[in-house]
Every structure is written in C-alpha cells, then in structure tokens.
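Both complexes shown next keep chain A, but they swap its partner, so chain B is in the first and chain C is in the second.
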Partner chain A sequence: MRHRDFAAFIWPSALAMLLFIALPIVSVAVQSLYIEHDQVLVTAENCGPFGCTEETRVDTAATAAKRIEEPLGRFNGLGTYTNRAHLAINEVSAILSDNRGFGDVVARVMNLPFYKALSFTLLYTFLVTPLAMIFGFAIALGVNRLSRSLKGVVIFISLLPYIVTPLLGSLILYWMINADGVIGATLQFIFNDPDLSLKASPTLTWITLIVYGTWHMAPFAFVVFYAGLQTLPKDTLESAMIDGANRWERIRYVVMPHLTPLATFVGLVLLMDNFRVFEPIIGFSAEAHATSLSWLIYNDLTGQVNQMYGSAAATSILTMLGVIILLTPILIRTWREFKRKAH
Partner chain B sequence: MSEKIGYSRPVAIGSMLILGIWLVLAAFPFIWTVWGSFKVEADFFSRESFWNAITGPATQRQTGGSFTLDGYRGAWVEREFYLAAWNTVIVTVCVTTISLFFGTLGGYALSRSTRNYTFWILIAALVFRAMPHITLVSGYLLPFFEMNIWGHLPTAIIVLVAINQPFTLWMLHSFFKSIPKDLDESAMVDGCTRFQAFRLAIMPVMWPGVITTGLFSFLLAYNDFSVTALLLNQTNQTMVPKINSFLGTIQTEGSIMFAVAATVSATVPLFILVMFFQRQIVSGLTAGAVKG
Partner chain C sequence: MKYMTLPATAVAVILGHSAAYAGCGIEAGNVNILSNDFDALGIVINEARACAGDGVTVTANMTTEHRALAQPALTTNPAQYTVTMVANNSIAPLLARDLVRPLDDLVAAHGSQLLEQQLVRVDGQVVAIAFMVNGQNLFMRGDILEQAGLEPPTSIEEMLAAAEKIRADGIMRYPLAAANQSGWFLANEFVNTYMGLGGAFFEPGTAVPAVNSEVGLRTLELMKAMTEYMAPEFLTHTSDELRALYLGGQVAMMNQWASMVNGHIDPEGPAPEIGEATILAAAPTAGGGTVPAAALWWDGFAIAANISDEDAEASFLAMMHGIRPEVAQANPTGAAWLVADFTPPETAQAILTNAQMGAQAYPMAPYMGLLHTALGAELGDFMQGRESAEDALRDVVDAYTTAAREAGFLN
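The block that comes next holds the complex of A and B.
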C-alpha cells in the first residue's frame, strides 16, 4: 500500500487519537507541574472603640482574577509529586528512619493516601486476574460438556455479569449485601451475628470488591477459553492417544499448549482492565476502606470547594507510569516477535 | 470429543456443580433486583426478613397491590430520567457510528500496509487502550473549561470516539486481516482505485466484523461513567451518572427505589442486546485472541 493511500485512510482515526489521547497526556504532564494559586490575603486595620486590631481576610475578587489570568496556577516543579498526597518522600523517609519493625512501617506507609490506593489497586489487579481466569476456565470446561440445546441459554446467563454497566452491577450487589438486603441478612443469619456488616472492616470491604471483580470478569475468560476448547486439534489428540499418552499427558502436551496463547491474551486484557478499577469503589461506597489510583484522580477532580487539577494530574502521570511498567514485558515480547518476522 | 480427552465421573460431577453455582451467581442478582424494583423501600430493604422483598407485605399496605410502579414513576417522571435516557441514545448512536466510520478506514489501512509504521501505530494503540480513562479526563477538564466546550454532548461524543479508537482499530484490523488480499488487489487490477476497492469489494463481506465491533463500541459508550460523569453538565447527563446523582442527593423515603428502578431500566436494554447479538459478542471477545 502506498504511503499516500495509507495516510488517506488512517488520518481521521490517527487525528482523533492524537488530539484526544496523546495531547491530553501532554496536558496532564504540564498540569502536574503547576499548583493552584494561593488565596490573595489582604491585611486591614480594623479600628473600633477598644483600639485597633489587624485583620487578615481573603480577597475573593483578587483571587478569582488571578485564577482567570493564569488558569494553570503557579509553577510548582515536582513539588506535587513529592508532597504528602503523592509519593510523600519526607513522610516515607521519616518512617524508614524511625520505626518499630517491618509491621509498623507497612501500617504507617499504608496510611498515606497514594500508597494506600496503590496497594489496593495492585492487590486487586493481581488477585482478580488469576481468579477470573481460573473460574472462567472451570465454567468453560462445564459448558463444553453440555448438550447443544442448553449451551445457548447457559452462555446468555454467563455473559450478564460481564455485559452489565460496572457502576450499575456494583450497585445491584451493594444493595444486596446491605444489612437490610438479602445477602447481608443471610450472612448475619449464617454467622449468627446481627452486627455483621461487609462495609464495616477494611478486610471485608477488600474481599467484597475482589469477589465483585471476579464475578464481573470471569465471563470474559470463560468465553475465550470456551472458544479455544472448540478448536482443539482433534488429529493431534487422537495420534497422542495412539502413541499411548494417558489423560494427564494429553492435557499437558496437547490441550495446554493449545490454550497458552489464549491465556496470555486473557491475562493481558484483564490486567489492563483491572488496573483501572474505579466504578466498584463508587458503587459499593467503599472509599473509607479501599481506594484506587483512578478513584484518587476522580476525587481530586470532583472536589467540593476547588478542583485540584495539579494533584489529579500528578496522580495520573504516576498511574500512566504504572501502566507502562505493567505492559513492559508484553511490549518487549511483541517487539522481539516483530524483529524476528522482519528478518 | 470431550469424553475422550478427560472423562471421569468425579471431574464431570465437579464441573457441573461449579457450573450450577456459577449460573445462580450470575443470574440471581439481576432477577432479585428486577423483582424488587416493583416493591416499596420497606420491602426491598426490609429490616425484618428478606422474604418481605418476595411477598411484599408493605407494598400491599402502602399501595394496595403486591406490585407497584412508584419507583419507575418517581425516576422517569418526577426526576426526569427520560432526559438522561434520551441523552444516552444520542451519545451511543453518535459514538458507534463515528467510531465505526473512522475505525473501518484505519483498520483497513493497517491490515493492508506491510510497512514498519503499522506496527508502531498498533503498539501505540495498545498502550492507549491500557490508559485508565480517568487519567485522560484529568487532562481534558482545564483545556475544555478554557475553550468553553465543557458540558456539551458533542464534546463527550468526540472524546468517547477517540477513547474507543484503539480498541476499534485492533478489532477491525484483525477482521480485515481475515479477508484475503486477493479480493481488493484483483479489484484494483480491474481498474478500481484503492478507495473503490475498499468500498465495493471489501466492505460487502465485512459486515459481520463491523456489526461485532459496533456492538463493543456501543457497550463502551453505554457503560462509561468516568467520561460522562466529569465532562457533562447537569442537563446533558446520561443515564449512568444520573443514577449516581440519585444516590448523592438527600435520601427521602422511597428515593432509593428511584435509583433501583432507574438501574433496572438502564440494565434491561443490555439484556435484550445480549439476547439478540449473543453470537456476535462471543465472536468479538475471541477475535483478538484468535489473531494472537
């Protein structure tokens, strides 16, 4: 294909991605170096019958004018990155130099908002991804045994948790695990504890969110693995049987190699989708015990008084770095394959 | 086939058991919520027993029947949920159409060019696909406020189209790859230009791929929360942020049932979609995997 033809076909798509994905990344990087203006303070002498007092107050008009003049705020360098709400360099080094053992360090670092969100995001990503794959594979094995007439209905029902809007799916489950809801009431009955609430403790909240994530993502793994099972190489399986391979050897040397590329694909997509975990935290109102990187950004952007663009941008840049680190092994692998094909 | 590769009774019983539990887990929350949305709050969130949500004694007392449309009336009429539903229709239809238009052109180019830059564009698309949407939103807000385009539907639509592009490109690229090159090349030998070959020879056989990709573009726009919640103003809100705002307002008796009814109203169209397009959704989910 000629360059000119290629350009003629690709430009609408490339322009859209350039303007609304690449440029915003630049805009985020710039914003992260700035911070909101301080409020303009004026000191006035207030003289009354009991003498004069100096009074400091906020000059609202001047502050607003400054905001309109320089909407980005004032230059702050990397200050936002190192402050307490982000990497918290000072706080972390203070904790590291003065602590009472490893447990103390972990507990105190986990109190810093960024590290709290980061640890939940990573735990969620690396628990939900394998759990969804295992459950998805188990469901695929089960569906594979069903008769043809049942498969359609079963696949339809299985797709529902994946297709539902994440925020609405988590709301539906949240209403059910409420102390007044059916699951919450049943759990209280089973454990014979009328005060049991899944919302009360951090551990239970984390478990709830991870269970929700698995419920939401397992159907995706199921569908891909199920499609893989449909295309098993029949001939290879039969010749392996003729060569005397037992059941385990057939699974180990024929079925598993056949499914490995699919598992890589599922794992990659799940990692990308789970790392941006956000809606369930809103849906389950879990922000008191569990926050994620995406939630931190949302929280900065929807601030009650002022939107903290600088802070949100710094978290965004750190999140993007996280995505890049997460993708590096895959990018390197793809690059090697590409080089091999090119030669 | 499956009998041959690993049949044994315990395994068979075990996997049927897992499947049975899974089906209950997958279907029960939806059945429960749809049923409960026709009850009053005192039944759906009953302090005494969850049986009340099934039989509905409080609904009987308060409304005189065992089912009530109060939740739906409150959401759709009183809180004007129909405006949000209409906005959702506009957003999803526009996003799907524009995404497919840009995506088919781009995906075709990527599948037919053998040069190095196609690889780099696809890799960039993969990295963009992995970016959490909210990180991009934090880049839009300030410039959009400055340019005075914040809050309008077209802004959200074009942003969703762009966010959709990486995924759409990958999927359509793999669908185009499965169509033999001979088809358009022979059309060009017969005197078509590149664009004519694309439109007359390739597009007629691409419809299944386009429909599948369109479904996923639709789902992305329909299910989005981070973009629509932050880029649209109150009057232009779509359904998902609207439901979230139901929850934020002061809780009056029964207003939680507005949210339940609205959630059911927003979820049922998805069920109907799956019912009709199940085969396309399954093939779409596996399209990326088969290509490897």
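The block that comes next holds the complex of A and C.
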C-alpha cells in the first residue's frame, strides 16, 4: 500500500523529469557524437550593390543529399570531445612533451579555450561558495538580533541582491564601475590613478566578478540560515550561557552544529549554481578576461552566423560531468550520515 | 533633425494606411517578417505593415537575436517567417541550406522599381534585394582638431599622429575610441583594418584561412597602436558605448557605423554642440593604401523557400511597398538608402565615399562567420599584451580550423 501511494504521488513528476530532463540529456549526448557533413564547395560569382566577386558557396543540392541519407550528421565518435575547443588532447600532449618548464605549461594550457574557461569556473565556484556562505551566515546572525520592528525591512533589503535578475544586477554594477561611474571614479580618486579601471586587467575583472557573485548569492545562504536560526533550541543556548559560554563560543558550539545539515544543503546548491556562472560574464563584458563553461556553450550557439550544435553539446556533457564530480564528495558524506542515523 | 523626420514618418504611415492595399497590390496571403532591430529597418517594416487588411496579414518580429532565429525558423515547413531581413553576413548560412528562394520571377513581375545594384545575385540568381548600405566611417570632432591645429586625418597613421598631438597638448587623454569589445566587435575591427591593408581571408576557392600572414601581423600592429590612445577598458566597448563616450565629449576621433549617425549629431539630442562640431569622413586608409579600412555592408531582405508561392508573392509585394522610393524620400536621414530617385543627404555622403574609394564588401563566404567568431575569441589576449601577434594569429587559425572541421568546411 505504501509503495502504491508513493508511486501514485511520484509518477507525474517522474514522467515530467523523464520528458524534460532525461530525454534532452540523452539527445544532447547523442548530438555531441556527430558533426556536420562535408560541405560540397563550388566557386560562384556573387554580385550585389558593391559589384561582383568570385566567392565560394555551398553546393546545396549535393550537400542536401548527404543530409537526407544521414540526418544526424557525420559520426565523429569522441572526436569533438578531444579537439582543440574541448579537451585538446593533441595540443596538451604537444605542450607536455615540449615546453620550457612548469610556468610555460600552465600559460599554454590556459590559452586553450576549454581550460581557460574551466580554470575561471573552478576559481569562481571555490571562492564564491564559501564567501557567500560566510557572509550569509554573518548577516543571518546579525538580523536575528535585531528588534522585531526592524527585521522585516532589513530582511527585504538583504534579499534584494538575490531578487535582482543576475543580468540586470551585473549590468548595473558594470555601469557603476565605469571610469565615469560612482564606484570607478571613487576608486580612481582614492588611489589617485586616472588609469585605474576595474575592467582593464584580468585580475581586477576576476575580483569584480567574484565580489559580484558573493553579493548576489549571499542572500540565498542568509535566508536559509536565518530560517535555521528560528529553530535553534532555546534551552541548549540558555544552558550554554549558564555554563559561562560567551557569544562566540555559543555560535561555535551550539549554533553551528545545529545548522550543519543546512550548510550542506546551501553548499550543494551554491556549488551547482556557481559552476554554471554565466550572466555576470555577459553583463560585465568580461569575455576578454574571464570565460566560463556556460559561456563556451553560449558562444557556440550564438556565433556570428553558424551554430555549433555538436561543440555546444560536448561542452554541456563535460559541464554535467564537472557538476557530478564536484558534488560526489558531498553526496557521499550525506549518504553516509543518513545511513548512520537510520541504523 | 529628429523633429523633422518624425512627423514625416508619421505622415507617411498615415498616408500609407489610407492607400492600403490599393498601393500594395496584394490580394491575399500572409506576410511575417523576421528582422534585426534598428531604426531604418523599423521604417521599412512600418510601411510594409500598411499592406495589411482584407485577407492580408502582416506581422513582424524585430530582434537583435534574429541571426540565431533565422536558420531554425526557416528550416520548418512551412517556415515561421516569410521574409527575413539579411545582410552580407547573415544570408550566407541561409544560402548554404537552401532556405531562401530565388527571386528572379518575382523581380520580373513586380520589381520595376528596383535598380540593378539592389539585386544580390549568387551564381546569376537573385537571392536577396538590398535597400540600404552601411559600414563604418570616421566621426571627428572638428573643434578639437582645430584646437590642436590639425587637419582632419585620412589614414590610420595620421589618426595616430593626431591623437599624439591632442594628448601632448593636454586637450584629451584618450582621443581615440573603437568598438573593440571582445567577440563580434573586436573581430569586426580586425576585418576592417585587414581589408584596408588589402588582405584576403581565405586561400582562393577554399575554406583554408589566410589571416596568419604578413598583412595579419600589420593589422594587429595598427590595432594595438590605436589602443595606446584609448581608455584602458577598450576591450569592453561596443558601438553603443562609443556613442555614449562620444556624446560625453571623451572622444576626438573614431570609426562608427553610418547607420548610427543620427544619434551622434542630433540637434535635439543630449549634446547638440558636439553634433554641430562633428566632421564625417570616409573611413581612414591604412598602410599607405588607398582603400578605406572598413568593410561595406548591405541590408536587404530575402524570402523563405518553405512557403507557398502565394505567400511569397504577397511578401515580395509588401516589401516592395516598404522600400518604395517615397519611403526613402520621406526619411532621408534614416539610412544610406539604396533605392531609385534618392539623393543622399550630407550625413550619408561619408559611407558612400567609402564605396567610391573602393572599399570592399564584407565577404559572403559561408565559413566567414566561423572565422569572425574565432577572431573575436582569440585576439583579446594579444590586445591586452598577454600574447604575441604571431601566437594570437596562430590561435585564430587553430580555433577556426576546429570549428570549420565540425561544420564540414575543412577535412
């Protein structure tokens, strides 16, 4: 009976997940194994407002025949995964076999698009996740001590960065850090350097993006931790006070252990979200200095005119693998704790 | 200037409505237009809308994301749109998949208003109708040049010398600006300079890239030299930001799109005194050449292949109504119109001079887009001084080759 009830409750969402999550993933995985057919090129005379030129064009009839034969394209196996735009196996092994020391290897590997994007994505994920949790926790502790009348307003204001659409939030900040913007001009004034621009150097751009990411994600951690604080056992806290624990000791030994399961949850969500960092790169026009895996997918699909579906699909699958690898340690830990409690 | 054009447009729209399908000659059919989003195209689409009524529907989707939409939307049968606004670059992928139809019959039947130059032919067949030309030309602050005692420069080298003088005189710290945003814009600047130096992008008749060359290196050298006189965040500037900088009085010389000229010299705009002082000239030459360093662009329309002949005819007629010479005459500063009986105003002279001086059209080759994307993604490191020009061009070729293999253009 219990199983039947469970099944009755779960089947609509299971079906939706199958249709809207599992099937698209399978389709993306299949697509990543194919590339386009060889295009039959012929030279033709193109004429227009500016005269005539000899240019190549695609012989559409010949190419269409191939397309009807094999609608998915040409099977390429894992070729897309190993090419220069992704794992760049050949390029990396060439770099490893012939280089001028460790620094040279790093510099040249970081010059490859996938590794460049991966390095920023990982740095962003591993800095923004803990920073957002620390700030979120601090804000939650602060708000929790406010008087009732102030709480509502402060909570609302603290949540604003999270409510603002990421693209808008980053655009607003982007304009503020302009050399003419309020932040940009202030920084130039403080450091007395008219050439100082947060957008001009990779390091400053990375710092800007990470500060933005923390600003944007901290409210999420805050709201979860704040909810957790409301369930704090009063008697434990009071007995800690009677034992002479100061505020820091109470936080360290009572509050933090109480919030650990929530912290795991917040950490999981933040890791997943931050690994998919995308909007701030567009909003801050930071492509020259920082790219992410999601940005690579976007770039493949919105190229000037051609859409690189195979390449985008391969990057998507690699991103998914990345998320799985990132989350595995936390999931294993949670699973072990769950089993321990169950026994 | 705005206060003159706006009522004119309004009058034209009202007149267009009263004339309705009497003037369009459409009996029935659906017209659905996919288009980029800028003012000149809006004028044409508004006119085409006037053909709606009694069995004829006209709808339009104006979006800057049109390039991403066009290919999937025209692949379905019937196609989502009957008309797609195209330019040199965006027509290539549609031609490569046979998604637009030859227009020879429709031109013969209903195209008497068209000039021969408006017909875009591939291998003899008309595939699109052009109605305006665009490209970048030089926008200069005459007052600043005068203050520094300079003649308006005509080459990139003269621009550099002028910028040095303006800086040395303490008039402006960063006299130059360019739309160098990493990505499409940066690649576009490369394309312009490279064409000015007479470079070819591909080995003739193939998709093999030829940018890793002497000309490529000289192009990068010039682009880099210009950035010495640009604000430090030059890699984030799009053409819209250029306008803001220019109207803010922070730029003395820059290459900017001809289609945006109204926004820069508008007497009703935020900086009429800057508009007043602006000198418009052809794009500068480069490296002692005589050809302006700016690609020429045409904007026009094509008609989808996967639609009924009735809809195709209705679409063609509606567009003919939209680009009839009276529309250009009513909106002389709206664009550098390419239609019969149009006398270009002063604002359009600079871009037409580009063409007269022998500027080349942006290539229509089907793989040019891939090269453009590779340029945009790989030149940023060089522009920031983190990579040599040789390495940057090698990266461009590698990135392009990877993409062109996936797209089936190279083996």
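Quick note on the criterion: the second predicted complex is superposed on the first by the 276 of 343 C-alpha atoms of A that agree within 3 Å, B and C clash if a C-alpha of one lies under 4 Å from a C-alpha of the other, contacts with A are read in each partner's own complex, and residues count from 1 in each chain.
Methods note: a contact is a pair of C-beta atoms (placed from the backbone, for glycine too) under 8 Å apart; a residue touches a chain by one contact, two chains touch by 3 or more.
Remember, predicted model here, so these are calculated numbers, not experimental data.
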I'd like to know which partner A:217 touches here: chain B for first, chain C for second, both or neither. neither
Looking at the overlay, what does A:255 touch: chain B (first), chain C (second), both, or neither? first
When the two structures are overlaid on chain A, which partner does A:301 contact: first (chain B), second (chain C), both, or neither? both
Going by the contact rule set out at the top, does A:265 touch chain B (first), chain C (second), both, or neither? first
Under the stated touch criterion, which partner chain does A:131 make contact with: chain B (first), chain C (second), both, or neither? neither
One more residue to check, A:95. First (chain B), second (chain C), both or neither? neither
Per the contact definition in the header, classify A:279: touching chain B only (first), chain C only (second), both, or neither. first
Winner on chain A touched-residue count between chain B and chain C: chain B
Taking the superposition as given, does A:87 touch the first partner, chain B, the second, chain C, both, or neither? neither
Tell me the contact category for A:180 with respect to chain B and chain C: first, second, both or neither. both
Contact residues common to both interfaces of chain A (with chain B and with chain C): 178, 180, 301-302, 307
What part of chain A is in contact with chain B in the complex they form? 1-3, 5-6, 8-10, 12-14, 16-17, 19-28, 31, 71-72, 135, 138-139, 141-146, 152, 154-161, 163-168, 171-173, 175-176, 178, 180-182, 185-186, 215, 218-220, 223-224, 227-229, 232, 234, 237, 241, 247, 250-251, 255, 261-262, 265-266, 269, 272, 275-276, 278-279, 282, 293-294, 297-298, 300-302, 307, 309, 312-313, 315-316, 319-320, 323-324, 326-327, 331, 334, 338, 342
Give the list of chain A residues in touch with chain C in this complex. 35-39, 41, 43-51, 53-58, 60-61, 63-64, 74, 76, 80, 83-85, 91, 111, 113, 178-180, 194-197, 199-202, 284-289, 299, 301-308, 310-311
As the complex stands, chain C meets chain A at residues 65, 67-68, 71, 88-90, 92-93, 95-98, 117-124, 130, 133, 173, 181-184, 186-187, 202, 204-207, 231-233, 235-236, 238, 248, 296, 298, 338, 355, 359-361, 363-370, 372-373, 376-377, 380-381, 383-384, 386-387, 391, 395, 398-399, 401-403, 405-409, 411
Using the touch definition from the top, list the residues of chain B that touch chain A in their complex. 1-2, 4-6, 8, 12, 15-16, 18-19, 22-23, 25-27, 29-30, 32-33, 44-47, 49-50, 53, 101-103, 105-106, 108-110, 112-116, 119, 121, 123-143, 145-146, 158-159, 161-163, 165-166, 169, 194-195, 198, 219, 222-223, 225-226, 230, 240, 243-244, 247, 259-260, 263, 266-267, 270-271, 273-275, 278, 281-282, 285-286, 288-290, 292
